[in-house]
Amino acid sequence: MMRLQLDLRSFFERFKIWAVSFRGSITLIALAGLSLFPPITRSVYWTQILISAMIFAIFAASWDLLAGYAGQVSFGHSVFFGAAGYVTAALVRYLGVNWILSLIAGAFAAVLFSLLIGIPCLRLKGPYLALGTLAFSLILLSLFYMGPPWSDILGGSEGISGLPVPPNIFVAFYLVLGFMIISLFGMHAIVESRLGTLLKAIRDDETCADASGINTTVYKLIAFMLSGFFAGIAGSLFVLQQTAVNPAYFQPLYSFYAIIMASIGGIATIFGSIAGSFIFWILSEFLRPLAAAALLIFATLLILIVRFAEEGVMNPVMERIQEYWDKFRGM
Amino acid sequence: MLELRKVYHYYGKARALEEVNLTVEEGSLDAVIGPNGAGKSTLLRAISGLEEIDRGRISFMGERIDELDPHEIARKGIGHCPERRRLFYDMSVMENIELGAYALQDKSKYPELLDFVFDIFPRLDERRKQRAGTLSGGEQQMLAIARALMSNPKLLLLDEPSLGLAPKIKTRIFEAVEQIKHEGTTTLLVEQDAVLAMEVADYIYVLEEGKIEMSGTKEQLEREPRIKKVYLGI
Amino acid sequence: MIEEVIIFGTVQGALLALLALGFSLVYGVGGVLNLAHGAFYLITAYIIFWTIPLFGFTVSAIVGLIAVMGIAAFTSLALIKPLQDTHIGVVLVTFALAFFFEQFVKYFGDPLYHYIAPWVPGFITLLGINLQAQLLALVIGSIALVIVVTLFINKTKIGKSIRAVSQDAEAASLVGINTDLVLMTSLVLSALLVGFAVIFYAPGNYIAPHIGWRYLLLAFSVTIFGGMGSIPGSIVGAFIMGYATTFTDYFPMLGPEYSQLIPIVVILVMLLIRPQGLLGKEEVQ
């Protein structure tokens, strides 16, 4: 009990330090601004878009946790998203389970899948892992598209639809906001903890970490499970928002979404995913008149970011703002 | 012919080479001795461009080479016989030798060079078709030296040619090193076996913890009590 | 059933050999897993499909081959080479490139399925089985190409430098081989083989923007099976996989849908039992 108290206190101490730091205050101000958005604008349309953006911020951050911190680049992240979505949809639609329980069940289903992928893929490193996880998502995609008898269980290409519509979009907004804040602060706490340090050690030099007695296998698996859990939350929330799920959720496209959002925000930043996701969704909205070209533009953007701006787009911008901020505070 | 001026190299934060100054004159055979992990191999790798140096300059025949890629340096006439041989193990002896001549500018020299290496190492001539991976350790070392010689290098870098070999074969390899010297190929030899190295070298550098601690001819170094004690065991 | 498995298994194996050979070669040379490998197939197929009305098949095929080789050279020089020190960068950028091509054909074409007419018309009967003459051309073409490439790799100077780099890139650079150029050459060669796979296999089949992923998966599973970087392994692996998937297609209890699962089963089993593949030697990196 004593220790817990101490831990909590040090946690709050650290939070306080973080909150007055540049990045902390920017994040808090942005979150406050975000929470004021619906009552000020009363736009149902934009509220929907922001809900999607918040859900994908969780999803992108979960990818960042695994790839950016543990160094396990997954191209099969859509598996966690889709698996959780299916479980949630099935529970809500067929068994009439309460949405929050279904969501938790979905997240744990994603953890199960993360083990299913993580265990065989543990022996793989770098590019192999990327392709191995991609292969998984492609197989699930074709499995879910299969005709009878599979389609009787999995729903075939139709998937599961007709979930109850969230009664009030603004309530939904604050619920998702809550989920996003808890998930992102959770992930942030994880990467700042001892576990995060160990993961970074494995990422930077696995052989060395192994040699210094870290059980890399276990920690990589933990990273997979944690990442799967948060990706699952995102998948379940998205399905609840869309009121339907179909095999398309297993497409590499959804993994691509996570990767591009995390890359825009800067890899290994966690909170960058919020910026990445919002930029992605808002930009998509403005690119809507161009229809299919939007994704073409994003693909080009990702190529350019990976090639020329490893730090992501946000990091350099933030640094510039920080300079002004420091000047301002210095006055 | 080869000149290193104040060369520094770091592995991350660890310093591997510190203010290394070294000159190899044309036609001479110089050696770098020192304990394991002193940075001897790193020194050769820096010369042939496998490691990018952090400070200082390396010039070869009056031309700065420390910013070139390894294959460009090889084409300038530096043949590097790397540590632990690094043969193309799935290829035949002959293919390894042919690849050694990859950077050979004057192709008419090829038959002559072939005769030269088979003259030094007749064992390889007998095993032309054999896969390099199936050769004995001594034969692999011979092949590695032969491969480096096939580009007709102006400067030959030899990294630990005696490593892991039986004493008899060691002697055989060092006879070959002397033969190469007599043919007029300038050589920089890195060797842990100080006795052997000092036997053949014209000038010797002692590298310890990335620094050149001492240098001189065999006679000069033999007068140093520390060298006697640590390297020669007298 | 056995006749079907022999005939269609050989056809499938011939296709897989063309897809996997170059993929494995590129991995061997640069440790590069080219996630845009399937997208190379996709873009070649669409270039041919779009230009057939203008030039007819032969010229379109040549245009397609040249284009995909150019794309491969560009990919190697502009995207892969600068990122090669960070293997994650290479997979990310080729993944993004694969997406780029998928969206490219979707944008400039449409998301629908399209049919390319076979350039070898008609049907022939072998072992009592009717098959498109186009598929026979695929088998002959694939065998011829595999022989040519094997000879090229083993006998020519460029081929030997490719093998040298894949065995020991550092040692290769010490004998004066430009490893960047070799990587580009092998990527262009792999694109050429993919281009031929399109020429022989796409006519008589349907194409759509998402098909690239499937071909990438096929190439990956064959190379995992045969051993990453092993050329004989990828050829042997291709035919074994070809027969295995065809057997599943014709097995009474199963069906074509299940043969789609064969690649993942193969990948899983191989990764767990023999990660270096059938004929591979190296440790999985």
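Read from first to last, the chains carry the letters A, B and C; within each, the first residue is number 1.
The rule is short, and it goes like this: contacts are C-beta pairs under 8 Å (C-beta built on N, C-alpha and C of every residue); 3 or more make two chains touch, one makes a residue touch a chain.
Model, not experiment: these values are computed from the prediction.
Note: the chain lying farthest from chain A is B, by mean C-alpha position. Comparing chain C-alpha centroids with the centroid of the full set of protein C-alpha atoms picks out C as the closest. Inter-chain spacing, taken between the CA centroids of chain A and chain C, is 33 Å. Taking the mean of the C-alpha atoms as each chain's centre, chain A and chain B sit 53 Å apart. Separation between the centroids of chain B and chain C, computed from CA atoms only, is 42 Å. Among the residues of chain C, none is in touch with two or more other chains.
Here chain C touches chain B in the complex through residues 157, 160-161, 163-164, 167-168, 170-179, going by the rule given at the top. The touching residues of chain C, counted against chain A in their complex, run 31-33, 35, 78-79, 82-83, 86-93, 95-100, 102-104, 106-107, 111, 210, 213-214, 216-217, 220-221, 228, 257, 260-261, 263-264, 267-268, 271-272, 275, 284-285. In the complex of the two chains, the chain A residues touching chain C come out as 67, 71, 73, 75, 120-121, 123-128, 130-132, 134-136, 138-139, 142-143, 146-147, 150, 251-253, 256, 259-260, 263, 292-293, 295-296, 299-300, 302-303, 306-307, 310. Of all residues in chain B, only 48-50, 69-71, 74-75, 79-80, 82, 86-91, 95, 98-100, 102-103, 147-148, 151 touch chain C in the complex they form.
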